[in-house]
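Presented sequentially are two complexes of chain A, the first with chain B as partner and the second with chain C.
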Partner chain A sequence: MTPAPTPETAEVGAPPPPPSKKPAPTIDSKGPQRFKALFTWLAFIVVIVVCGIRVDADFVQLFSKNSMDNVGRIMNDLIRPDWSYTGRILPAMIETVQIAIAGTVIGSVLAVPVALLCAVNVMPKKIVTIPARIVLNLVRTIPDLLFAAVFVAVFGIGAFAGMLALVFFSFGLVAKLTYEAIEAIDPGPLEAMTASGANKIQLIVFGVIPQALPYFFSYVLYTFEVNVRAAAVLGFVGAGGIGLHLDQQLNSLRYDRASTIILLTLVIVLVIDYASTYLRRKLL
Partner chain B sequence: MNQSVPSSSRLPLIRNWIVGILLIVLFGWSLSAMKFEGIQEYGAQVMASIWEGFTHPDWDYVYLPEGEDLLRGLLETLIISILGTFISAFLCIPFAFWASSNMSRFQAVSGSGKFVLTVIRVFPEIIMAILFIVAVGPGAFAGVLALGVHSIGMLAKLYSETIEAVDNGPREALISSGASKLQVLRFAVLPQVIPQFISYALYRFEINIRSATVLGLVGAGGIGVPLLFALSSRNWSRVGIILLGVVILVTIIDLISGWLRRRII
Partner chain C sequence: MIEFKNVVKQYPNGTIGLNNINLTIGEGEFVVIVGLSGAGKSTLLRSVNRLHDISSGEIVVDGKSITKASGKQLRRIRRDIGMIFQSFNLVKRATVLRNVLSGRVGYHSTFSTMFGYFPKEDHDIALDALSRVNIREKAYSRADQLSGGQQQRVSIARALAQKPKVILADEPVASLDPLTTRQVMDDLQRINRELKITTIVNLHFIDLAREYATRIIGLRAGEVVFDGPVSEATDAKFAEIYGRPINEDELLAAEAAKGGVTV
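Then we have the complex of A and B:
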């Protein structure tokens, strides 16, 4: 026998009142709260409907015969990959991984000094930490593909632009995760070293780095996983890697070849994900 | 046996050196593929004009009465991510229950669900967007569908981890008092997981707003479309104002969403 909820709570989807509560006071105190919940849901639904109208969300068209035929035709090609194409895309696949490795390593190395500047237990002066954090947050607001599009325009089409985009992206991600890890380290060794007269450099080398290093490597591996996925689509804006081939095959409607590329990418990403997860578990 | 004592203390050191050298070789091999062809011929001039454009953003582009301006582009980006998150927040619930190990008796059921979610997660949203463009034509709706389907992979994984962590007390109490499966779900599981679900959906919303800015690069609506035009016509002052707009929009959304998430949990 479950307690029967009042129609109002059932309507707004709020959790049901516990069965042992006396009904009289709850109605009085919950009246305005219920109104607020109802109002929130109404406002939310209005926002969703208005948004749907703005983008011409047409689910009738989505499930119409014409578009379903299009999707069916693509799916028909996608489930029959052209395996003979594998050999021709392997160099591009290797380039994709190379872009990810180079971008991750350079970005992570650049992130170390900035992470130290952001951590309050290493750099107690707010005048340094706050601007450094603001810069980090700004870097992290720009998605990797936007960086890539800009760098392609500056340095020309090719893997170099893609690597630079990933350098910036990894820098933002690794620096943020690392400074949070540095702030969470055990303060005991740092205090002992300060008390025995260690200078700042000694403090960082012998107090901070040994504690933060496993976390740093773990975040670098995680960023590498993200970067491999990102590198696979960088080619869409001309920044090298397998994405360029995928874009060409999709544009020339060779979905069987596109399917080969997608499947190969999935395999590479899954293998790297599993290897990296295994290494991270061993590190921490 | 005696000899192994000193060597075992030296073993990690040797291993670290080997790993380190391997990493450097790997990095050098990767770097060798990055051909830096200089900043092309008129490099200095290009750099100067980029700097000029970024320091003098095209403020007139913020609002144009005839449309196709920065504010409308950003609004469309925002709408794409709101709708995409909304769709996936509901679509992922059945996937989440499928993938949680405490909701089914057999390991194979939840295992297969987890595998499906991994595949959805690693399928890039840009490719998803291209497939939906073929289905519904270029525009914001294709972007919405791409985000809606792609986000299922991550959201359902987080949701299923929440479901796996629920307190079993209320469930057992309801089952022992004779509640049906649906009633157990409605009164024991859902009340415990809904705040966490909303928090994760908001988190995904923050990610989706970043994704929505790049969907336009393949024609799926949002601010990426005018950005691509500005980049290909080398209109650096316009690129500058669009990037500035993206930074401001994402920062504001992060602040609002972070505040909401702190209030919910």
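Then we have the complex of A and C:
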């Protein structure tokens, strides 16, 4: 995925690594080994059982007549999508894709300078890279739906809040992936640019960008794929797009219409995923 | 003219890289630096354009101290020093012309280069530089479509586009086969003679050093142990520089024979 850095010329005459101090394994060592495996399994089972109890997992309820009846009824509706509904949700579907496009593009553009500030081979000063990374990690810890909920509270219900949420989400994802790609570029051209008397910005324009650009575009496309899926559920918190309609139809138990929305979303996501994967393969 | 005055390089771990180097390299000289790997050849070369900082002493290039320079002044001095690397250091995805043009950035403001714009004169300089190394017709190919020898010539053209007064070449032929080695060394020699550019080359093939150099400098453990014209650089002298008799693999002719090529 990332370009391999050219290894620096190894220092010749370096002393061989000191011999390992670890004693040779004895025949007895198989005993503790087996105990370790047993203990790992035991711990694993304990964790599953404890978690199961905490969430009230109930196999009897899972396969009860009531549950099965519900599954049957809903499935019965879901397999008969209401096609006449398609026309009415098409504008919302388009809005979903528009939210994803706007969010991805704005977020990705904002990600570029921050990615450059985070990469140690471009910014050797820790006083810059560490704060930049802290900001980036903070943005990345907040889930997109939480961003959406906050922006809905601030800017009101609608697509704008959803787009802003995706701007932040895309910014975090693209900046992180891009700065890692920048750190993996071939340092040779950077050295050559320094030697020819280039300043920092010229070094970035002629040494870093041409090497990192294909990776950046690939990450933007990937983020767009993720964003289309994310935009489809933003409506659940009132941040525009198809999610609002899905929420309404599910609440009014119109599973036939919900099915139409789900299928239409599936088609859109599949088409975008396919196109994006094709483009990314062409890029790299 | 390049002057080394009491140049010392000590690494943070205490290792001495260069030990009290005093040298004066005159204009138009073709100097080859020889020595075992680890002797300090690369450190010496990279201290000239300050890709490596020295610990004490001073290096003066064309009357300007690069040791004391900083910021814009340092970049100005670097602009006048072209550099050629063992691994070419080209941007592989970019076109040949783009790579050569990147040697011109030192002549322009940050703003005008930010959008990758170069005036027509620069395109002419770049194409002329490519003609000098006989790969003008590859100008619009991607750099990674070229062979190793061609890529090294592109990097020579990039150095030439800087209109340098000095060219530094750090093991320029170490990753090339014997035949292309000759072509690249011939290019460097021709440029040295025609344009009177002072050239300093690190080499580990001693027969190549003898053939192309006007002056040979031998380094051993960070000290100059030989400095003289080619005629004085006998096998015995080389054995002294290396601290042992010459090996077969230090001769390009022997390498070529192994590959079944005559040069």
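Following the convention adopted for this analysis, the second predicted complex is superposed on the first by the 257 of 284 C-alpha atoms of A that agree within 3 Å, B and C clash if a C-alpha of one lies under 4 Å from a C-alpha of the other, contacts with A are read in each partner's own complex, and residues count from 1 in each chain.
We adopt the following convention: a residue touches a chain if its C-beta (ideal position, glycine included) is under 8 Å from a C-beta of that chain, and two chains touch if they have at least 3 such contacts.
As the structure is a prediction and not an experimental result, all values here were calculated from the model.
Enquirer: Just from the overlay, do chain B and chain C fit on chain A, or is there a clash?
Expert: fit
Enquirer: Is A:Q98 contacted by the first partner chain B, the second partner chain C, both or neither?
Expert: First partner only.
Enquirer: Which partner does A:V135 contact after superposing on A: first (chain B), second (chain C), both, neither?
Expert: Neither: A:V135 stays clear of chain B and chain C.
Enquirer: Can A:L263 be said to touch chain B (first), chain C (second), both, or neither?
Expert: The answer is neither, since A:L263 touches no partner chain.
Enquirer: Which partner, chain B or chain C, is in contact with more residues of chain A?
Expert: B
Enquirer: Please provide the least distance in Å between a C-alpha atom of chain B and a C-alpha atom of chain C in the combined superposition.
Expert: Closest C-alpha pair between chain B and chain C: 7 Å.
Enquirer: Based on the A-chain superposition described above, do chain B and chain C contact any of the same residues on chain A, and if so which?
Expert: Common interface on chain A, chain B vs chain C: 13.
Enquirer: Using the touch definition up top, name the residues of chain A that touch chain C in the complex.
Expert: It comes out as residues 6, 9, 11-13, 186, 188-189, 191-199, 201-202, 205-207, 210-211, 214.
Enquirer: Using the touch definition up top, name the residues of chain A that touch chain B in the complex.
Expert: Residue list for chain A touching chain B: 1-3, 13, 15-16, 47-48, 51-52, 54-58, 61-62, 67-68, 70-71, 74, 94-95, 97-99, 101-102, 105, 137-138, 141-143, 145-146, 149-150, 152-156, 158-160, 163, 229, 232-233, 236-237, 246, 250, 262, 265-266, 269-270, 273.
Enquirer: Looking at the complex, which residues from chain C come into contact with chain A?
Expert: 36-38, 42, 49, 51, 75-83, 85-94, 98, 102-103, 105-106, 110, 113-114, 116, 155, 158-159, 162
Enquirer: What part of chain B is in contact with chain A in the complex they form?
Expert: 23, 26-27, 29-31, 33-37, 39-40, 46-47, 50, 75-76, 79-80, 82-83, 86, 118-119, 122-124, 126-127, 130-131, 134-136, 139-141, 143-145, 174, 177-179, 183, 187, 190-191, 194, 210-211, 213-214, 217-218, 221, 224, 227-228, 231-232, 234, 239, 243, 246-247, 250-251, 254
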